[in-house]
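Both of the next two complexes hold subunit A, though its partner changes from subunit B to subunit C.
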Partner chain A sequence: MEFSIATTVAEALDALQNGARPVAGGTDLVVGVRHGKSSFPDQLVAIDRLNELKSIDASDAGVRVGSLVTHAQLMTDPLITDRYSAIADASALVGSPATRNVGTLGGNVMNGSPAMDTGAPLMVLGAQAELASSAGSVLVDLADLWTGPGQTSAASDQLCVALKMPVRPERSGSAYVRLEYRRAMEIAVVGAAASVALNADGTIADASVALAAVAPTIIAVDGLSTLAAGRTVDEQLLADVASAASEHASPISDLRASDTYRRHTVGVMAKRAFDAAARRATGEVIGIPVNRAIGIGAAS
Partner chain B sequence: MTDIAPVPNPALPNPALPNPSAPGATRRFVRADGPDKVTGSGRYAADLQLSGMLHAKFRYADVAHGRITTLDTSAARAMPGVLSVLTHADVPDVRYSPGISDRTLFAKDVVRFEGEVVAAVAATTKEIAQAAVDAIVVEIEPLPVVNDAEEAMAADSPLVHTDWESYEADEAVVRSGNTVSFSSITHGDVEAGLSAADHVITSHHVADASHAAPIEPRAIVAQWEGQKVTVWTSSQVPFDARAGICQTLQLPTNRVRVIVPHLGGGFGGKCGFHFEAQIAALAKAAKRPVKLVFSRREEFLAPDRRREGMTVEITSGVKNDGSITARKARIVIDSGAYASDAAFFPQLAAMHVGGPYKVPNVEIEAHLMYTNHQPSGSVRAPTAPQACWALEAHTDQLADTLGIDPVQFRLQNCVTEGDTGIAGQVYGAIGLKECIEKAVAASDYGAELPDDEAVGVAVSWWPSFPGPSGAHVKIDDDGAGQIITGAQECGTGAVMTLRQLAADEVGLQPEDFEIIYQDTGVAPYDTGATGSQTLINNGRAVVRAARQIADELRKLAADHLEAAPGDIVLADGSAHVAGTPTKNVSIPELAGIAAGGELLAAHGSAPPLDYPTVAATCVGEQGVAGWVAPQFACHAVRVKVDAETGVARVMEISTAHDSGTILNLTGALGQVHGGVLMGIGQALTEVTRYSDEGLQMNAGMLEYKLQTAADAPPITTQFVEPGGEGAGPEGAKGLAEAPNVPTAAAIHNAITKVIGTPVNKLPMTAERIWEVQQ
Partner chain C sequence: MTSYELNVNGTTYPIDAEPSRNLLSVIRDQVGLTGTKEGCDDCECGACMVLLDGQPVNSCSYLAAQAAEREVTTIEGIMTTEELAPIQQNMLDAGGVQCGFCTPGMIMSATALLARTPDPSEEEIKIGLSGNLCRCTGYAKIFDAIKETVVSL
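Let's turn to the complex of A and B:
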């Protein structure tokens, strides 16, 4: 294997064009090889020194999160925790402190796992991936980026340089909740993210829900906005959100859970995420991550 | 009776409880190997590098059951860099295993579980060794897989060992077909007892297999010099490992030296004899040192130590006055493909399903069955956590039927001093009742709790295991002490406490003693880090040796101070005349005098302790129905259950233990915390899953879910010290296994209180807790 270290984005793009695969934190790629899940590519280019991909920049258009921003940054950055809370909820759950300090947002997204934690949050927040190659940059919707388990539509010479999200509407909130069997070093059994925007009268203006680990990719729950718009958040609405999520899921059975259990629990996660998002939209402060702030995972 | 003030988990102080007791009889000191381990300066077996060292890899069966039709190593042998390749044909044709000699070093004709070693290679690099292993041609004709212990009992079940009758075995082991070992305990008249009952209740419980999962995957290095071999190995039992090498390679004990560098945990998984002989044989054939380091996956699949799966059916008769009239039970245990050390499991499981209760009429039978799974063997308190989980779930059901509070029911029925236990043993001063009272009092039992929370309570017991054990103690010319012991440290800290025992005898501090240990070449025999036995056996040996040194010191001091030896007091680093502390001489000075004459060197050996008699009729007697210095415990666990998902979380645990006198509180608390965490894992997340083909599906840390530090609840610990019946020095009993026994049971009882329905499968995974509510 040939290993190089890129010092500029241009160098990284050159390497990609010459057939190299990028490695950011390596917490998926290297760990996977060590586990025998895959083997090292012939050429690997380390991108972890590209400081220009490590910042979170806000503008009138929204926020641009560099692909090398780590989970540890995301879970503490004030803009993310305040306005894009679902991402912070997700990043705070990733692995352990070591994993979070090394693992990156770009790596999480480009690894394409259907169980990735930041995927559903990014989707409900309307994120697009900014893919760069020697030929230039394009913005890709996440629904078009993830094509199957571990698969993306990105060409091998495309580097994800950032995730871009529009500004958050007034009176909006988002949250991510996952089902986990232990409180660290866990993988989502199922997960759900919700984004809720309220009208001035407290009724729902807009809402979206996306699900993790219940389909070959992260999926959005279609029709959620229609289902919720104009209603107030009550037991009935939450039950409807849960049913919509369960119906939308096409889970498999594996070592972690049966399809039946996944289908049921993804509904539970969806309504909890929805509830937390709606409460955040009213200005209520719910700690990051929701999994540790309320319910079964709460500290006491 | 003295007891120690409740000690909250230091990481999570519990302000409601008083602080740890002031220094008194019980001390707290940091283990001597701690700094090495936490700073990284400690060296483990995998760290060893010897000149010319080769790397070993194994070829495994990879199928659960089959007959080897082709085994061709020629391509592997021809590969450059390969220096030795071994199969069964290349080593003595010896069957081994304690109790029943049913195993060979390499598969002989038939493979009986996926992790069975078929061939081994030593090569100049790991990569070449792996390539050579892959180049070995192994063809296996499939045989029917026995994938379940209950199925193994069926009359028409295929036999795992068709030649079982020809195996050498201890006469006491009752065997037949797939039954590796059968035991029953019968006491009183169970049918009469059931007839006399007001209620007869039956319950059924199924526990899945789990793993010891030590963090260090095992490593072995073997090097020959002439006719002698030295083996460095991550073993909990170096003398057992030596015996295994000697038996299988047909060597006298004095030609084999086994050394254990720092051990990265064992939990029973590194008891017994594992792979040392294959590596020694490879090294001999290659004429070079050879090293084996397991991958995590191999650590899950290959050792013959896994926590056994078990099914339990219990029937009890109870009277409206709350007394238990009779107990009948049937236990089926999955032994896996070989007996390992498990021949005594049926009798031990029977004791735990009987439990520490007054039950006048008992009839319990237990069957240990061959299957095509990885062999089961002693993992921390073998059989007990599962059996206790079943019994204590059943006990709550009994109390519920009678409408009696489950704690009251236990207090009414538990054994206390003078009571007769299920096998007819009469107990002396024991602290079970106090354990229940203290653990419950320090918990939220009976307090107002949210609907999704409840406190569950369970009691348990565990024997102390007397055994032969020896140690040398010496003090060199500068007054520095050394203990040279056969005892093995597997992380419990028991060996570290030996320093305190020696120091107390000779008037020095624990820190004045260094310990040379885990080397069969320098120290006398000890059973090893198994059966919570180190302190009670090796502790007595060390005390015996240290007493001889103390006598020598008194004689020297008497000469020096012109007093009678009987008047010399050894304390605080010096010898003084009783009543006249100013008339003194330092121990280093006395050691200097001794160094020019008769040396301060002594040997101590712990004499056997007598086993109590039992009145019960025991078929398949394995020596574990009458218990020396039994330990007792009660755990009260507050659990929160998320009914919608079935996720259960342990919020808080209150524990009380009678493990006799506590010599080092720091070490003792560490054992309780570790045992509790392991118990939570077994209760909720740890499970080995088998495919229909009898293969493990989650042989890795990703899908085998251990508990993490983030899952650890606050743990409150109280020790009850009834005195009198202790087997070890100063009345100490064992402690390493007992805390692992009642945790899962208490968690079960809490979950049942919250959701109203018992979960009769272990582990009680979120999905299972959710399922029983549907």
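Let's turn to the complex of A and C:
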């Protein structure tokens, strides 16, 4: 294997064009090779010193999160915890302090795991991935980026430089909840993110839900906004959200859970995420991550 | 092979190694510091924990070449004089060390925790050590050692 360390984005893009694969924190790439799931590429370029990809910048259009922003940054950044809370809920659950210290948002997204924790939050927050190559930059919707387990539509010479999200509406909140069997070093059994915006009278203006680990990619629950708009958040609505999520799922059975169990529990996670998002939309403060704040997850 | 300089505990070591080598093996076999342990070699147990620019990293699953010219701190680097660092002494005094295999990793995670959260709650201590497994102590005495360190600092 040939190895280089890029010091500018242009250098990294050159390396990709010449056939190198990028490594950021390596918590998927290096660990995957050590597990024997894959082997090292012939050429690897380390991108973790590109300081220009490490910032979270707010503008009138929304927020641009550099692809090298780590989970540790995301779970404590005031703009993210306050306005894009579902991402902070997710990042706070990733691995251990060491995993969160080196693991990046770009790595999580580009690794393309159907169980990635930041994926469902990014989707309900309307994120697009900014992919750069020597030919220029494009913005890609996440639904078009993830094409299958571990697969993206990005070309091998494209570097994810940022995730962009629009400004959050007034009276809105978001949350991410996952089912886990233990409280650290865990992968989501299933997960759900919700975003809810309220009208001044407290009825729902807009809502979206996305699911993790119940399909070949992260998926949005279609029709959720139509189902919820104009209604108030009550038991019936939450039950309807749960059924819509369960119906939308196409889970597999594996060592960790059966398809039936996943289909049922993803509905429960969706309803809890929806409830937490709606409560945050009213201004209620629920700690990061929701999993710990309201005791979802491992039996305690 | 690739050549680079690795800074470990304030000393610069010239390294020639395959770029696929992990930081743990370079620290142990080339730098010659064997305090950092290999438990699972799989990013699960935390025995290999070191600090990279002050932040915890599982050295078994991190490329050594990627750490070039950054500051690596291992268990050998946290004593400033001939005396044990307070967290080390408190681990001994509290009975937080039994077989001792997890201890270097525990101490590195605890050091990073105390640097970012000088007065951690019980929950923050548990989260801070959540990437470190101990098969002997049952953790309680390790938590005691950290609390004692907070008091004595």
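Points to keep in mind about this one:
Everything below uses one rule, namely that the second predicted complex is superposed on the first by the 295 of 300 C-alpha atoms of A that agree within 3 Å, B and C clash if a C-alpha of one lies under 4 Å from a C-alpha of the other, contacts with A are read in each partner's own complex, and residues count from 1 in each chain.
By our rule, a contact is a pair of C-beta atoms (placed from the backbone, for glycine too) under 8 Å apart; a residue touches a chain by one contact, two chains touch by 3 or more.
Please read all numbers here as calculations on a predicted model, not as lab measurements.
In the superposition on chain A, contact of A:Ile296 is made with subunit B only, not with subunit C.
By the touch criterion defined above, A:Tyr261 lies against subunit B but remains apart from subunit C after alignment on the C-alpha atoms of chain A. In the superposition on chain A, A:Ile252 contacts neither subunit B nor subunit C.
In the overlay built on the shared chain, the residue A:Ala46 is in contact with subunit C alone; subunit B does not reach it. Of the two partner chains placed by the overlay, subunit B and subunit C both lie in contact with A:His35. In the superposed model, A:Ala184 lies in contact with both subunit B and subunit C.
The interface of subunit A with subunit B overlaps its interface with subunit C at residues 35, 96, 183-185. Interface of subunit B with subunit A (complex): residues 640-642, 644-645, 647, 649, 651, 684-685, 689, 697-698, 700, 702-703, 705, 707-711, 765-767, 770-771. Interface residues of subunit A, counted against subunit C in their complex, comprise 1-3, 5, 23, 26-27, 30-31, 33-35, 40, 44, 46, 48, 72, 95-99, 101-102, 183-185. The touching residues of subunit C, counted against subunit A in their complex, run 2, 18-20, 22, 41-44, 46, 49, 52, 55-58, 60-63, 65-66, 68, 109, 112-113, 127-128, 130-132.
Listed in rising order, the residues of subunit A touching subunit B in the complex are 35, 96, 179-187, 189, 255-258, 261, 264-265, 268, 295-297, 300.
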